[in-house]
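First chain written, first letter: the chains are A, B, C and D, and each begins at residue 1.
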Amino acid sequence: MLTTNEWDLLSQRLPAWLEDSRREAAHGSPASYIPELAHAPADALGITIAAADGRELAFGDSGLPFTLQSISKVFTLLLALMDQGEEGVFRKVGMEPTGDDFNSMLKLELVEPGIPFNPLINAGAIAISSLIRGRTPAEKSERILAFFRELTGDLNLGYNEQVRASEAATAHRNRSLAYFLKDNRVLEEEVEEVLDVYFRHCSIEGTCRHIARLALVLALNGKDPDTGRELVPRRYVQIAKSFMISCGMYNASGEFAIKVGLPAKSGVAGGILALVPGRYGIGVVGPALNDKGNSVAGVHLLQTMSAACDWSIF
Amino acid sequence: MLTTNEWDLLSQRLPAWLEDSRREAAHGSPASYIPELAHAPADALGITIAAADGRELAFGDSGLPFTLQSISKVFTLLLALMDQGEEGVFRKVGMEPTGDDFNSMLKLELVEPGIPFNPLINAGAIAISSLIRGRTPAEKSERILAFFRELTGDLNLGYNEQVRASEAATAHRNRSLAYFLKDNRVLEEEVEEVLDVYFRHCSIEGTCRHIARLALVLALNGKDPDTGRELVPRRYVQIAKSFMISCGMYNASGEFAIKVGLPAKSGVAGGILALVPGRYGIGVVGPALNDKGNSVAGVHLLQTMSAACDWSIF
Amino acid sequence: MLTTNEWDLLSQRLPAWLEDSRREAAHGSPASYIPELAHAPADALGITIAAADGRELAFGDSGLPFTLQSISKVFTLLLALMDQGEEGVFRKVGMEPTGDDFNSMLKLELVEPGIPFNPLINAGAIAISSLIRGRTPAEKSERILAFFRELTGDLNLGYNEQVRASEAATAHRNRSLAYFLKDNRVLEEEVEEVLDVYFRHCSIEGTCRHIARLALVLALNGKDPDTGRELVPRRYVQIAKSFMISCGMYNASGEFAIKVGLPAKSGVAGGILALVPGRYGIGVVGPALNDKGNSVAGVHLLQTMSAACDWSIF
Amino acid sequence: MLTTNEWDLLSQRLPAWLEDSRREAAHGSPASYIPELAHAPADALGITIAAADGRELAFGDSGLPFTLQSISKVFTLLLALMDQGEEGVFRKVGMEPTGDDFNSMLKLELVEPGIPFNPLINAGAIAISSLIRGRTPAEKSERILAFFRELTGDLNLGYNEQVRASEAATAHRNRSLAYFLKDNRVLEEEVEEVLDVYFRHCSIEGTCRHIARLALVLALNGKDPDTGRELVPRRYVQIAKSFMISCGMYNASGEFAIKVGLPAKSGVAGGILALVPGRYGIGVVGPALNDKGNSVAGVHLLQTMSAACDWSIF
């Protein structure tokens, strides 16, 4: 397949595909468990595709700002790996999908030794937040934000303070998870300090363009798309992509692997980061979620594109 | 059976039975999850029996002070029933044994609507703490302590501050439970405020004599053993006794019902409250616990006594 | 309370109470998982009370024949205890309520050593069926039927062959349980042979009068109501009554203990066996079940009676 | 990397790598739950690599015959997809990893609608066996065997009758799963008939060479390595490879994806099928299993090779 032709195809067909997928949004609704997220426009849908050669496509509501939420977990995992090495990280989190809800506590109670099954479920991502280097929560958060700014090349990237405050005020289930982890000696720090770091990186706000750029760095195995400089060691990107395939789309990751076949990570604000290895970074946003917590329209659009362009890695 | 003869039998045989049971303590060990409890004398064993007619027997380490821990849950349940009525209480906790560990979260996650299965498991007792009337945690705690002082007739009854502080500092699993309950809207108050009430009543300190007196009030269906005045409505005592049979001895309640057959409640400091309806209140202490969390020697002694005196209610 | 007055009260008030309770049947429906049971009259309600002194009361549809179903499990437990002793029985089943559905497999998989938690859930009752003495399934079944005939004094007691065949043909969940037990080495016999015994005793058919008589034997601690002869050792009856309190009403046993307070056992054909220790055996039938599997109208009637006569053992 | 050089590297280094990995076998032991498998040589280790260009490498115990066991599940899935289409298959099995043991029943009971989470766990593979076209179990088995013969090009491929009989006689857990599925209406056929098909394809016996050939067909997206003819539609191979990544190595699939990064499927006889897309099919055998059920030495060898040749698809 000629990349040139594919780019033309995408340029021409994406507007129609996007409108088709936007109609799917009616089958879902924005997340309500973080009050601030419930206000998002339910039928919004936007996409940005960033190619390795620097070209970019953007359609629909690609300029809509949204918080990264769980998408950020891929990058805190990478930073934790850079800070602690594989051994340091995998002492605290496992490598397996769970088959349970993203905020489930079942396996923490039922399966020895009570560490989170993987770094992308909530329990695992909270454990990862505690592994980021820094003497204080503020220092950890600064390092995480700096990492995101470096990867996106946007020095103005910042938090959505309302969303952060909304989540911090209502995230009792995450507190429950965190105290369970502390009881299991997975967390050694103060729970509220770890959660402060966690809520903060979940509330980093960007647009599809930021997500596409983050995805492109992963698609290029950690290299800066402009300069070719290594931003993240390739081995760690490999680990992240592996988790994105097995656990990136919550409890619908297996289905997404079959139907789309790309490493991806979704967030409850409706964002999806996906990548075509070596070629594209993709950012999608569509706030209406299905019952698994993934953007209904976003998944539909990615499936349409992957099928048309034969992108599955399988 | 003549009560007179039974009292003589108990008077004569209890010292030997107690030493037999004390040897069983070697099969257990004091609770370690609350650091302060780990220091308790592992082979201590004491008993006090208070009869409806005012007589009393005490043997072994009956003067050893210990914290009530879960034994207190029977009485916070009673006070919550007096404060909120049956309907108010059973909106927040169920009536069923769980078959799971006392600090398990499984059923909160798996079984709708996510309220604790009963008031004697940790989750349920925390919910009950929130139902005690009082504008502040301090006021709730004062009312609970006053209730215990009234029932025991000991105006000096108080807290073991070291144990309370030790538990408050390390009870991350209980915090996890409490935040889960808050997420499930079972708790509306601040978690740390509810837990303050909970840790405080768990740390009320007494001896076997206090426990025997508390048990005697229940054995007399809520009546003051000295004056006959109603301290607790009979209906609520009935409810409490029912829970003591089905859930009073943690996950060995069924076995205890078969082997001993008396309403009872154990605590992780090694105390057991048991009662022979209409006749006796019994307080036992033996800090070495079995793997279900009950006093090894205490259960053994109660089983010996119940068999010899044919006390089973079944 | 004078028994004479109580009997008069029951004689006079039961017809009205029964009609009140019958109206509750509308909130439930007959079991559908055994096809033959679905045909039962949904608004039937009958009761027989057999007193220790030989008097008997019967109202409503007390003559309606129904299969014992799970009520039979109390008596196969007794026979297994008589055949194998306590030690032999409790090697294969535990003593604890489960908090799970009566046909659940969760604890068999999750809790070592994988024996059924108690003899009244399906898994436990199947294990008990295997413990009945007899060289062949037919011989075991004959001994069970003979035991029921002896206890009821009705030599014509027999099976409902349609119900037995209907259950045998559709009981895939019980087969699943039985093979799980065989894999866990709880069952050593052929699964279909054990299940044949199990389905057969579940399909023994009687009326409220049979149930009341069975209950009266238990109320009299195993003694024949007419002759005073010991039909079952008292110790085994004690064990059975203890299980009836903690697990007799499926997953609503705790609620029943609080609201009715009598040892009881229900069956999915709508029968309930209940007893007032030392005084009455009670048989109730009302085919419409609630979501816990107990007769809606039957539970309501027993609650009315127990409250009016202050029968709770607590 | 030049393929020529890689082939030379493999040819030269594999003997030493194999002996290194063979030493790892001491950390595991052959499966014991199928009695016949327990006799396998614990320290055996063999490998065959079949390249797309027809070249082949074989080292160690590559000629050791072993039964495919769970490796066969990939191919019954393919045949079921060819027989029933995607829709027909995914009505009966899901697409998600479970995080539970391969023979677990938890999710069948806990997660609606009670279909197996994926086709590679036992419950799912049993459901798949029922989907193979054929009027009788014998006809289904013949079609499966014919499919394997076609893919391997070995018309003599057959069953190990001892292993089949051994498994059929002892597979009570699989019977339990199958009856649960029947109760959940996932299976409509007779359980023993479905299991006969299942046990039979698990007992197909081959050597590493057969496995390597099967893997090469998948590596070539369903094309015959010799003729280029389509043996399996590419879409179905894609589905199979996706499952192999997310669920192919039991509950260590996530770890295998991170450490090896190749689509693979293991069996309890110690076989592993792995593939390098477009290039190689690999068959490994090493009967000593780790606690997840995968060949200890086999996984070690694949990890060494994948790292040295940079084969991860991530």
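The definition used in the following text is that contacts are C-beta pairs under 8 Å (C-beta built on N, C-alpha and C of every residue); 3 or more make two chains touch, one makes a residue touch a chain.
All values derive from a computational prediction rather than experimental measurement.
A.B. asks: State which chains count as neighbours of chain A and simultaneously of chain D.
C.D. replies: Looking at chain D and chain A together, no chain touches each of them.
A.B. asks: For the homomeric pair chain A and chain B, should the interface be classed as same or different, according to whether the shared residue numbers exceed half of all numbers used?
C.D. replies: Since more than half of the residue numbers are used by both chains, the interface counts as same.
A.B. asks: Compare the CA centroid of chain C with every other chain's and tell me the farthest one.
C.D. replies: So the chain farthest away from chain C turns out to be A.
A.B. asks: Can you work out the whole-Å distance between the CA centroids of chain B and chain D?
C.D. replies: 55
A.B. asks: I'd like the Å distance between the centres of chain C and chain D, where a centre is the mean of that chain's Cα atoms.
C.D. replies: Chain C and chain D have C-alpha centres separated by 48 Å.
A.B. asks: Rounded to a whole Å, what is the gap between the Cα centroids of chain B and chain C?
C.D. replies: 32
A.B. asks: Do you know which chain D residues sit against two or more other chains?
C.D. replies: 110
A.B. asks: Just say which it is for the chain contacts: an open line, a closed ring, a star, complete, or other.
C.D. replies: Contact pattern: a closed ring, each chain touching exactly two others.
A.B. asks: Determine which chains touch and list them pairwise.
C.D. replies: Every pair of chains in contact is listed here: A-B, A-D, B-C, C-D.
A.B. asks: Please give the residue numbers of chain B that touch chain A in the complex, ascending.
C.D. replies: Answer in residue numbers: 104-106, 109-110, 172-173, 175-180, 182-183, 191.
A.B. asks: Touching chain A in the complex: which residues of chain D?
C.D. replies: Checking each residue of chain D against chain A gives 94-100, 107, 117-118, 238-239, 241-243, 245-247, 251-255, 257-258, 261, 263, 312-314.
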